[in-house]
Amino acid sequence: MSVVPVSYYLVLSAVLFGLGVVGFVFKRNIITIYMAIELMLNAVNLAFVAFARAHGDLAGLVYVFFVIVVAAAEAAVGLAIVITIAHNRRTLNVEDVNLLKF
Amino acid sequence: MSIPFILFFICAAAAVLGAVLLIVAREPIHSALALILVMMSLAVLYLLLGAEFIAAVQVIVYAGAVMVLFVFVIMLLNAGVEVRTNYSKIAKYVGVPLGFFLLLEVAYWMWGSAVGTTVANGAGAVNADAVSTVDLSNLLFRDYLFPFEATSILVLIAIVGALVLAKKGE
Amino acid sequence: MDFIAQHAVLVVSLAKIAVLLFVVMTALAYVTWFERKVVAHIQSRWGPYYVGAHGLLQPLADGLKFLFKEDVTPPAADRLMYVLAPFLALSLALTTLALIPFGPPSVQLFGQPVFIVANSSIGLLFLFAITSIGVYGVALAGWSSNSKYPLLGGLRSSAQMISYEVSLTLSVVGVLLLAGSFSFNGIIEHQYGSIRHWHVWPQIIGFLCYITAAIAETNRVPFDLPEAETELVAGFHTEYSSFKFAMFFMAEYANMITVSCLATILFFGGWLSPFPDSWKWQLYLPGAGLVLLGLYCAYDTAVHMRGIARIQFAVVTLLCFAGGLICLAPSVMQVIQGPFWFVTKVIGFLFVYVWIRGTLPRFRYDQLMSFGWKLLLPVSLVNLVATALVILLRHG
Amino acid sequence: MFILNHLWLILALPLVGAGVNGLLGKNWPRSAVNAVGIGSVSLSFLCVLELIREFLQIDTSHAWFQRYFNWMSVGGFNVDFALSVDQLTIVMLLVVTFVSLLVHIYSTGYMAHEGGYYRFFSYLNLFVFFMLTLVLAANLVLMFVGWEGVGLCSYLLIGFWFLKKSAADAGKKAFITTRIGDFGFTIGILLAFWTFHSIDFGTIFADVANRSVESASAIGVLTAICLLLFAGAIGKSAQIPLYVWLPDAMEGPTPVSALIHAATMVTAGVYMVARMHPLFSRAPLAMFVVALVGAVTAFYSATIGVLQTDIKKVLAYSTVSQLGYMFLGCGVGAYAAGIFHLMTHAFFKGLLFLAAGSVIHAMNGEQDMRKMGGLRRKIPITYWTMFLATFAIAGIPGFSGFFSKDEILEAASAGPHANTWLWALGLVGAFLTSFYMFRLVFLTFFGKQRYDEKKVHVHESPGSMTVPLMILAICAVAGGWFAAPHLVGGQDYFESFVHPVFASYQGQGIVTQPESLAAAAGEAAGIEPSPRADLIHALTGPPVIAAVLGLLLAWWFYIHKPDAAKRMVQRMDGLYALIYNKYYIDEIYGALFVRPFLWISTKVLWHFVDEKVIDGTVNGVAHVSREAGGQVRELQSGNARSYATWVVVGAVGFTMLLFGLGYWMVR
């Protein structure tokens, strides 16, 4: 069976990451912004796994593991915050949550 | 064109599609589904790369727990169609284009950097020389024991924090 | 032919999938029949009786009814997901079955094991992965219907599933520690020997936790909050009708089967027979069993059946006898052992399911949650730690 | 050997006392403050006594050295917290602890009605601590610590009544003036380190021992070091030209004047010179400068003292001149004599000040002698003690001052560094000394009373003040007999005690030494005449004559014909005005140094450098950053998306940089 070059995976992860960034800037809904962040994390994970595979080094996978765990924690806290915001401000639009400024 | 290639391109297409959907969808729930799609296809890619355990964890934790949480919150807050306000001009005229630019840039350099290096052997066969979970766990619980414990503490803190916040919300 | 040689995996897998699908679909149908019958008898009724002998054709009738009913879609519904949800639910439920080994891997065809579709080294993880996604079907259904009861049902089910998935997984880890493997075959072979080596004995607590959590995972009584007819009017699938409803229905039963299979594999030695190999006579059990069943059917046909039912039942009788005889043939005898024991155990579990449904009342929601988090989770955790300690002490 | 091994105890006790009184004493009853203050000092006095007992048991040919910890170590520059004890140190320790103990006791009576009681005792204890540090120090830097410490305490105590402007100014004046000298002292230390690569006395002296004596023509580094260190001594010991602070220092409470500005601190300079004698003895020029400054000061300040009317001012100038005698002694190589005079002076000058304090106390703070007189009957104890002290300082034979001053003058006349002119100056100084001292006594205690009986109720001081007076009176009278015996045939205890310290300068430094040895020899041989001849020679020596003349002159002017003085004044009023105004030295200094400095500081440093340059810069920076912030803060729109945009911008820039670099490196 022939082989998929690592660069393919890397490019894919780059594309996903970029899309995540775009979403991060483009979206207005706090929850979807969180999702964009998760997307970026996933892209990075893909790069990790690809490299781990390319260099035959399992450490990459360990990092992915940690990334996933941290992402889970972050989602938990983040969503709790989102709920609080929604309860207090009655909105999920980040552009309406802008009291903290000059 | 062999099976791994076909699989790869299918999944890659699915992933990119999902990412794009995540951005363009107006319903948060649709975005969530799109993201789940991305994650599932990524899991398949991990399988292609022989990282079975990571694939499983990806699905269980991400798709199975994190995203469920997201969906749950969306349903709880009954988050409706997103309002495309544009209070921040800079984000509209600078941020988004720059984001795309970053995409192309990183992709370009990734391509340039990794050309030539190919997966060691037979990335196609999922079971062939898959990373043994035993080795991974050895690495995780011996060499990376401290980070592991640190992460566990982080998670504990996250739980407490989430509880506190949720309580305050009520 | 060389194509087969090249892509043996592909071809054989496809074949197996096809067969499995057929078998499972049928099984699903008849599990419903089985349930109705058992519950009926628990409540001292007859249950389905008139469509075919002993209501054997009832599932078929139901299926036809579902097919020909009008498919209503609420105008306010989110169409895409309204359609997507049931497919998601059913497909995921069926997918899990692909990982279940119904018989020993030693039985092979074109160098591929026959009784398992996807023989993964971390099958258990995959299975959990897929079940963990299963919640979306319910949640999305509840959301997309865009009405009160379904939303509540969806919320409830997603919350409940997340909660109980934790203890479900934890309760299984004990077994994993014992077997030291994620692959089903590994786990089963670790219980090789006789009934004494089954994991249910060392992991009795884990087993109880597992069963409880499993029932909750499958939204069955007494944990059927998401579809509590009496309070939520069938919860998340209130708005569904016709075949979409059927899909949810089938998904639920498929999940029941999966969970039962899992219990069998993890705690009851999967396709292993409860007797030591030295007892040769056990090889005749499958055939003998079928023949006995045939004899009962014959008696029944002769005594109680009237009219067309008698003809139908005669056919059943013949099938039983034929099957029994085939199973007694030496070549088949070996092959059939595994599946026989496996299916027997699974049917046992299904019976327990139905039994519980027939006897226990439903939890209140807060009870459900506090039970899951404050009792089940700690107990399974303690069990896990205790197991780990014992293993540590034993193998240094 | 307990104290020898725990020298730090002697230091620690007063320090603890100071700390306790200063930190906690505020709300304590005075009895408690007394207990702490006096207790600590008396304990340390007992320690000193014990130290002497132990010291006499060990081999005393070289200094006892103890190192505690390394204080600072910069490159080759090592400073240990190390203490050393030798005979010289012991004498100083004895004087310091003894006098300060008496002064503490005295103060309990004198300060009884003052505020800030605890503060006063805390300062006193602190002073004792620093003084002992100065004395015990085994290296220049630690000595300098004590040196500055006593300066600080003197400042604090002079300005003890800091609400009185004159007191505060006097404190500042003292501090700044001495600082000028200390500047030289510091440079001297640095130069010493540069020369000997060490600041430990032991090392330095060992190094010096094998250096040749620098002749006055060929001046070397030793001379430089000595002169610089002596500059410090000039400041601290109030010699010409830096003596101006001492008279003003009389603003402080009288016990302070007695302890710090008569008995101990001001003698630190003399001690330092004696301590560094190996260097001085190898720098003849420096020696001569010391002697010259000493002699001139002795004469000069005596002349000023003649016409002062403030009782304490008179004593102040007499202190300056007595210090001059000490330096004269050291300058002509009679270190032992100088130190001996230091000791006796500590006794009688301390006594004089305390007695003067008692008088002032009796007069309710009146210090002008012209408003006193006839106090003889009213305050007998004060009168008698002061009278004895006057005899001592005047050098009337038999009293302590006689022996020490006689030795110094003898060394000036007959020593190896002898110099007739200096001797002459000293002699005239002695005459003037006895004159103005008796003038003081006569004006104060004799004649008809010139104060208003109804206003001032004259009364004898309490026991807490009179007892120290009496003790000191005994010392002032008998103190001299430590060194006396060779005159009446016998061994000079003081000489032979401090002999090991100055041993290396046998014959060239100490004049009386051979004499006393000869006396001892003669005594051994049973030959009497030589001591008797000495005795006659000493009793009929010029100093005695000068002293007696001074006494008679004072008697003539202020008792026999009181109006003669006035006529004399009218006859030569120009000279009178000159001397009465202390030769206008303060005014000259004011014109020469103070005003120009003031002008530069005000006009240049303050109005231009500080206000324009420094403040301008600071305010400018603040202003600029504030404006910039005002512009930049617009960026913080509070809109998360714009923040996200900035993050992206940063990411893009960084990746560009990163990849660009990577690309460039690859190529």
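A, B, C and D are the chain letters, set down in written order, and residue numbers restart from 1 in every chain.
Basically, a residue touches a chain if its C-beta (ideal position, glycine included) is under 8 Å from a C-beta of that chain, and two chains touch if they have at least 3 such contacts.
Just so you know, these numbers come straight off a predicted model, no measurement behind them.
Enquirer: Farthest chain from chain D, comparing Cα centres?
Expert: Relative to chain D, the chain whose C-alpha centre sits farthest away is C.
Enquirer: So, comparing each chain's Cα centre against the centre of all protein Cα atoms, which one is closest?
Expert: A
Enquirer: Report the inter-centroid distance (CA atoms only) between chain A and chain C in whole Å.
Expert: Chain A and chain C have C-alpha centres separated by 36 Å.
Enquirer: List the centre-to-centre spacing of chain B and chain C in whole Å, with centres computed as mean CA coordinates.
Expert: Centres of chain B and chain C (C-alpha means) sit 31 Å apart.
Enquirer: I'd like the Å distance between the centres of chain A and chain B, where a centre is the mean of that chain's Cα atoms.
Expert: Taking the average C-alpha coordinate of chain A and of chain B, the gap between them is 6 Å.
Enquirer: For chain A and chain D, let me know how many angstrom lie between their CA-based centres, rounded off.
Expert: Chain centres of chain A and chain D, defined by C-alpha means, are spaced 78 Å apart.
Enquirer: Among the residues of chain C, pick out those that touch two or more other chains and give their numbers.
Expert: Not one residue in chain C touches at least two other chains.
Enquirer: Can you list the residues of chain B that touch 2 or more other chains?
Expert: 3, 53, 57, 65, 69, 74, 76, 87-88, 91, 95, 98-99, 102, 106, 113
Enquirer: Among the residues of chain A, pick out those that touch two or more other chains and give their numbers.
Expert: Expected reply: 21, 24-25, 28, 95, 98.
Enquirer: Could you list each pair of chains that touch, in label order?
Expert: Once each pair is checked, the touching ones are A-B, A-D, B-C, B-D.
Enquirer: For a test of understanding, state which residues of chain B touch chain D in their complex under the given definition.
Expert: Touching chain D from chain B are residues 87-88, 90-91, 94-95, 98-99, 101-102, 105-106, 109, 113.
Enquirer: Going by the contact rule at the top, pick out the chain D residues touching chain B in the complex.
Expert: 637, 639, 641-642, 644-645, 648-649, 651-652, 655-656, 659, 662
Enquirer: For the complex, give me every residue of chain D touching chain A.
Expert: For this pair, the touching residues of chain D are 633-634, 636-641, 644-645, 648, 651.
Enquirer: Can you name the residues of chain A that touch chain D in the complex?
Expert: It comes out as residues 21, 24-25, 28, 33, 94-95, 97-102.
Enquirer: Could you list, by residue number, the parts of chain A that touch chain B in their complex?
Expert: 1-29, 31-32, 34-36, 38-39, 42, 45-47, 49-50, 52-54, 56, 58-59, 61-62, 64-66, 68-77, 79-84, 86-88, 92-93, 95-96, 98
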